[in-house]
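Structures for review follow.
Same chain, two partners: chain A is paired with chain B first, then with chain C.
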Partner chain A sequence: MDNSLTNRRSFIKKMAMLSAMAAAATMFPGIMFASEQEEGLPKGKDLDWKKTPCRFCGVGCGVLVGIENGKAVAVKGDPKSPVNKGLCCVKGYHSVISIYGKDRLTHPWVKKNGKYVKTTMKEALDLIASKMQTTIKEHGKDSVSIYGSGQWTIPDGYVASKLFKGCIGTNNVEANARLCMASAVTGFMTSFGIDEPMGCYDDIDHANAFILWGNNMAEMHPVLFSRILDQRQKRGVKIIDFATRTTRTSMASDKSIIFKPQTDLAVANAICYEIINNGWVNKSFVEKHCNFKKGLTDMGYGLEDNYKFKDKPEGINFEEFKTFLEDYSPEKVEKLSGVSAKDIKYMAAYYGDPNVKVMSLWCMGPNQHTRGTWMNNLIYNIHLLTGKISTPGNSPFSLTGQPSACGTVREVGTLTHKLPHGVVMNKKHREHAAHIWDVPVENIPSKPTYHTVEMFRALDRGDIRFMWIQVTNPMVTMPKLKRYRDATKKEGRFIVVSDIYPTPTTDIADVILPSAMWIEREGMYGNSERRTQQFDQLIDPPGEAMSDTWQLVEVAKRLGFEKQFYYKEENHIEEIYNEYRRHHEGKKHNMAPYEVLKSQPGAQWPYVDGKSTKWRFNAEYDPACSNGKDFHFYGKPDGKAIIWQRPYEPAPEEPDNEYPFWLCTGRVIEHWHTGSMTRRIPVLHKAVPHAYVELNPEQAKQMQINTGDKVKLTSRRGSVVLPASVSERGVPVKNSVFVPFFDENLLINDITLDAFCPISKQPDYKKCAVKVEKV
Partner chain B sequence: MKRLGIISLFVLLFIGFITIWHFSYKQGLEEAYVPIVKEESITLIPSEQGVFRRSEHALDYAKMPIDEKHQRSLDDYYDNRAFHGAPPSIPHEINGERNMGGISCLKCHENGGYVSKLSAYAPVTPHPEMVNCRQCHVPENTETLFRDSNFEKAPAPLAGINNALMGSPPVIPHQIQMRENCLSCHAGPSAPKEIRVSHPERINCRQCHVPNNKEVKDIGIFKRDNNE
Partner chain C sequence: MPIKSYLAHPLEGKKTELIKAISDISQCEVIPAENEDVVIIVTETNTKDEEEKLKEQLEAIGSLKLLALVSGFNTPIK
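Entry: the complex of A and B
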């Protein structure tokens, strides 16, 4: 008792002292004179902090890079950026170190008699131009191609599209975003008729429940996940992780629900079934703003060369849709998906309750899926049926993985069927592009050629003879990699690779061009929430390294297109951007002026009357709405969004007796993509030095496999030996394994399958069958 | 008359009954719905002003004896950072790779304390509200590198040279974003010895210590253009 009394006494004393000190502090302001004090300090020791979007993922955090004596030496989050509000992830904080790897490419290399010879930029560009000319002469326009990237800046992609589609006259333009975002695009196009999310990251500050569809957000979109965690601390929001394996996200969420691969299709339909059968449909919204349609089924999986598919949409009514859903009652889906009916009803109840604002988030799970377009449609179905869309907090949100998958590939349109505004199949769109590009409209072919997988198959067959690869590493990322690696080595193929470091892709190149990276040049990226962010050139590139934009401009000039490529070296980025903006003029997609981009951490299109648009299709926020109603889905001619009837169909290759395990591939927080940059950052490499295979702990015990033991994975395509990881970062369910794909020394894509979604042509890296043996 | 009055009363009652019955029947036909609750806006306080955080421990810090054997030095402090201001890596073994951090890290790093296994005091985090620790802090699982790097680690600010006048309070020579809470690094047994504050009880640190970093652009000298 004595003790507690003194404690209380001392506590009261402490409190009194503390409040006296706090009071004193407020009573005598201005005791110190800061400016006088600073005068005595040595000058010029401070860093110069310059704004740029982060080089890595599609979240598009604003970062400030500290420059000292012409070198980037430090990074911090930009507190002014509405994306990350001053926070970064471990990759962002250490991003500038990736510029300074000792083996940076500083000069071009040309392969002569099987050996690489150092050469000058001028000679290398001359060689590329002449090679393109002779290839076109011998094999036709469609024998030359460019394969770019969602890491292309906007000007890179724009000049590539202008050169190949407008000037040379071939639609052989593709980008690695085909492997990552194509299903998201076709999902938007089929459901809404216009690409990219209607909502924005601000939805996180309004939503009450977050449902993550196959999205390990704690590792892959950590800054946004931290924003959700922050909301949970402040407002008690709920996080539901719906996934095929237990990850950090599952551990952090309020509820983790595990489903069997491919059955997300059935579960999404079961949620719609519950919504309809419980009377949770927002009838007035559906009547005013939605149509119902169905498409073809049994589409196949694109495993064979020259595979073609065209969907035939057909209108249906609500009753037909309801009848279709009868096969997807939670009880029936439980057997197929392994998700209990109770859990399906639990998720449906969040979507159904009109007083709960729900944000659905997804990325590669539903996108890298042989029914990826369908999966995207199905998530939109849920939000459309309940009317939970385009309002703050009610948001189906498709995340991206690359800094400019949206800004460059989707908006500039560096895909075979796309133009900066519209598609090549549409005469008006071709005329619009040809007018701005200053080329005859006949130049732009009206037929799309090859999507990414087919483009590499065409290279293998010999239909394509010349390929220019920029800012990407397909010799690590292509599925069923061995076939495509062998293709590049065939006689009579000429491959140009622009990169900053030697990679497995530069290994197969005939010409290697050194590129200027990120802040070594001026450019802009566009992130997942339609935010375009500009960065200045902050440091000099090493040696002869040149921006991808200027490499293309130089070659275009050598091919005789000086008139179209009139840009001046000093301000070509601004000139290109101003030209590009003209394609998107109008309330639906207007881009912010360059001065605005330079002055602030990004602006969201449609940028109308000096204002970014946060929520599209909602008349309250979006000036492009013109039907006089509360919502206007103006991507479709009748202003209505489409609810699609999309069934469950099995995966092309499911585990059987011979290959009894599912193989899923993905990323880890430390490494980004193929690790060509992050592995050169010591902090990140030391954290995760190599790839591994995650096994289910119980099965590993049965097979007597411990962490670190060598395990051989074999599929119908080949085999790879990896160290095991048991009960570490992720725990797969029984009969499934997970392997991160960043490691160029342990190429998991040698054994993945090149099946793709017939509508989006995006391969499924998440599902194929393997066997597992201890070595 | 009387009869007429009774009849009209019953007629009125009947009409009343029909109207009420009709109304309630129509109501019954309408589907049940959940009324929409009008939303109240929530103002969130920005978390930037962390300077007074941990000040409830200020007096304890002031009274605490110094454990000279287990002090950290500023060199130790900068050693596991890629550059000064970078998030430190995790220098010790951890269990629970599947964990994003949170309570597993905070049980030692929220308030600190002596860890006999590592013969050291656990450093205190200045931002315990950010629970996805592993988003920025990663362990070291190997000593070797994938490729060598030319990245130059800029020299970190030194202690003891930041006073403008003799005896005047030193300015803050480092970035304070994410580290607005001074006491977490400058007080207590885990504070590096060179930068441990002699007066932790004076909790309004930025009353006397001002940041010295170029956050603002020079706008030139203001000149009056009237009269002269």
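Entry: the complex of A and C
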């Protein structure tokens, strides 16, 4: 047989195999084959497969990384992981390639006379410590700050909080998770008095209907969406996509319902109206387990510097709540929202039917919202009124976007008002933290300082003089970006940036520290379902790259805190974790022992008597329930959850004659956040090489704009020119456009608005007004 | 020379047994799903008769519940 024939036969065999794989994928959504996963590997590879959570997104898939000769060469889904059951998304499969970009930062750089000079880690850390000392001496403790992220591992965030809050004595600790899930936190705190979802991903296997609130799961949480599609295949579950534009999720759903931006507030209230007026309220549940409250309204949008807001909750009764909802009949809300009364009733009927188990899922839509806390409250209202909560399949589930937004930012508490257990405003919580940290309690200030937007405003004003940024890229992600980029360039500011690649944020740094990435160091992440997942150091970091944890420990020692930062380099991660666990001791938040985390693909807190807790607040599953009833919302002193009266209020900036389009920003499946890692993965970069603006096809035709044409978007903050995308991935409704934010060369955040939810302080990246012009 | 691909569904709990049984047949390549109870079989035979016999042999495997043809190709011998 000649070579060409052999090649042809080999090709046909491959075709036959791919046809079968495609057929299998239709029958079993999310199905994976070993040969597909290992395709492209040279024959004879003798790989050592090691477990780790995935580096990207908040789903927290368990992956196995194949190591050969000290290099990570392959990834496959971990079949033992209860999160993804062997599945993996396109980012996960290619994740290890992002470790080996040609321009990895391997040595520190210090800016001298306007030029970056290569230096040693020792010199760079000495300089940072010395600069912090002089800044504190000249401008006070609150002039130094740290800004991290939901990609910080648990030990990274823990030592940052301990150093700044416990040792230095400033609450200037924030993280980019403020930009993505702060409203989820305040939603939980106001409704339940304790953070994070009561349910878990197992709810997917029990629910009959899935209502996605502004959540493009097919792209943002693809593995969980595959699990939902799998359930549709097996059990015929229904998927309803409730969104402001048509996406891949809409296309895969049973029903797509489009609403006008900001009117989700009204639609959620209309669903409550329907539940009450059709007699679908679970009266016994509500009487036993819920209180009703209302808060202040007309709060503003935080557009002014030093904006302050404090809610004043006030008890109301069921009748008052019912009267409030009279303004939200489906017929009235139809006019405001563009959602037909019939569709509102359709959604309400799923929630109202006692025989249907409903899972509500949301992420950035309700969270990046100037009334984000309210939106979270409203979704909980629906589940509380019907008693569809904390039982398998009945689950309001707030998803996260980053691998440890929950584990680090929310649980360790790397936000200005937070401590690992509790808040800085509470004396007992400060005493508890100070005791474990071995610092005088007076060290921890009792007042929060700056949330993220205000922290960058303080840098602009000069109230903050020193900022250390780790594992995040605010010079791409901050809203109204130009103001904050200019702030970093002002005289008398000193910026340290720890990262693995050059980014627009390292461009504004005075010191750049090379970080060890993901499996180049030991650590843990905590995902959306309260699952803490440990990973070992599997490979060596390049050059002098060092974990963010150890960078902070080294600086802490230089600042004179050797006693508090006693950790030994060889086992400091375990030591830090064991110390951290002490903050959460007790049945409500106990963390699994380190050896448990090492031995399995994660454990869910509260981890009590050797068991993860899957459904909190339900006495059948949660050992922390102690009121003798079937449910116990123990985050609140009286054990009851709160149903909040929260009205519809308009967005701070809506389209008008001058700026007639809504601008919504977001992500694409191929790229992780600002693309600093995924744009260095050739296959992902080729798939989506640059940002674009999605236009409504009919309007694009009227404006004679075709895909690829240059389009100028202008807001009151500035302009950006992008290539058009018409009838490609997503389809916006008329008078709205969508732009992904991953592209550092096309900075859409130069034109977004820095308005935020007054309660959560989370900015709204989904709504501002722009005009659209063909260039 | 026929090349065909099938989805083979094992009886409950018999996936490993099925994979082994198919792997023992020289004209078969087996690709198991990692996370579902299904395996792909790609067969390569010299003649149609041989192909028929192979199919009978596959269908006789005790751990097989269902064999579903997905694609079939014929290639010249030379």
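Convention: the second predicted complex is superposed on the first by the 730 of 775 C-alpha atoms of A that agree within 3 Å, B and C clash if a C-alpha of one lies under 4 Å from a C-alpha of the other, contacts with A are read in each partner's own complex, and residues count from 1 in each chain.
The definition used in the following text is that contacts are C-beta pairs under 8 Å (C-beta built on N, C-alpha and C of every residue); 3 or more make two chains touch, one makes a residue touch a chain.
The shown structure was predicted, so the numbers you read here are calculated from the model rather than taken from an experiment.
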item	value
Touched partner set for A:K76, first chain B, second chain C, both or neither	both
Chain B versus chain C as contact partner of A:G86, first or second or both or neither	both
Touched partner set for A:I539, first chain B, second chain C, both or neither	neither
Chain B or chain C, by number of chain A residues touched	B
Set intersection of chain A contacts, chain C complex versus chain B complex	17, 21, 31-32, 34, 36-37, 76-77, 79, 86-87
Touching residues on chain A, where the partner in the complex is chain B	14, 17-18, 21-22, 25, 31-32, 34, 36-41, 46-49, 66, 68, 71, 73-77, 79, 86-90, 93-94, 96-97, 99-104, 205, 218, 222-223, 225-226, 229-230, 233-235, 246-248, 251-252, 279, 353-355, 501, 669-670, 675, 679-689, 727-731
Contact set on chain A toward chain C in their complex	1-2, 5, 8-9, 12-13, 15-17, 19-21, 23-24, 27-28, 30-37, 76-77, 79, 85-87
Residues on chain B engaged by chain A in the complex (per definition of touch)	31-34, 36-37, 42, 44, 48, 55-56, 58-59, 82-87, 89, 97-100, 102, 129-132, 134-154, 162-165, 168-169, 171, 175, 177-178, 201-204, 207-208, 210, 212-215
Touching residues on chain C, where the partner in the complex is chain A	1, 3-7, 29, 31-36, 38, 40-42, 44, 70-73, 75-76, 78
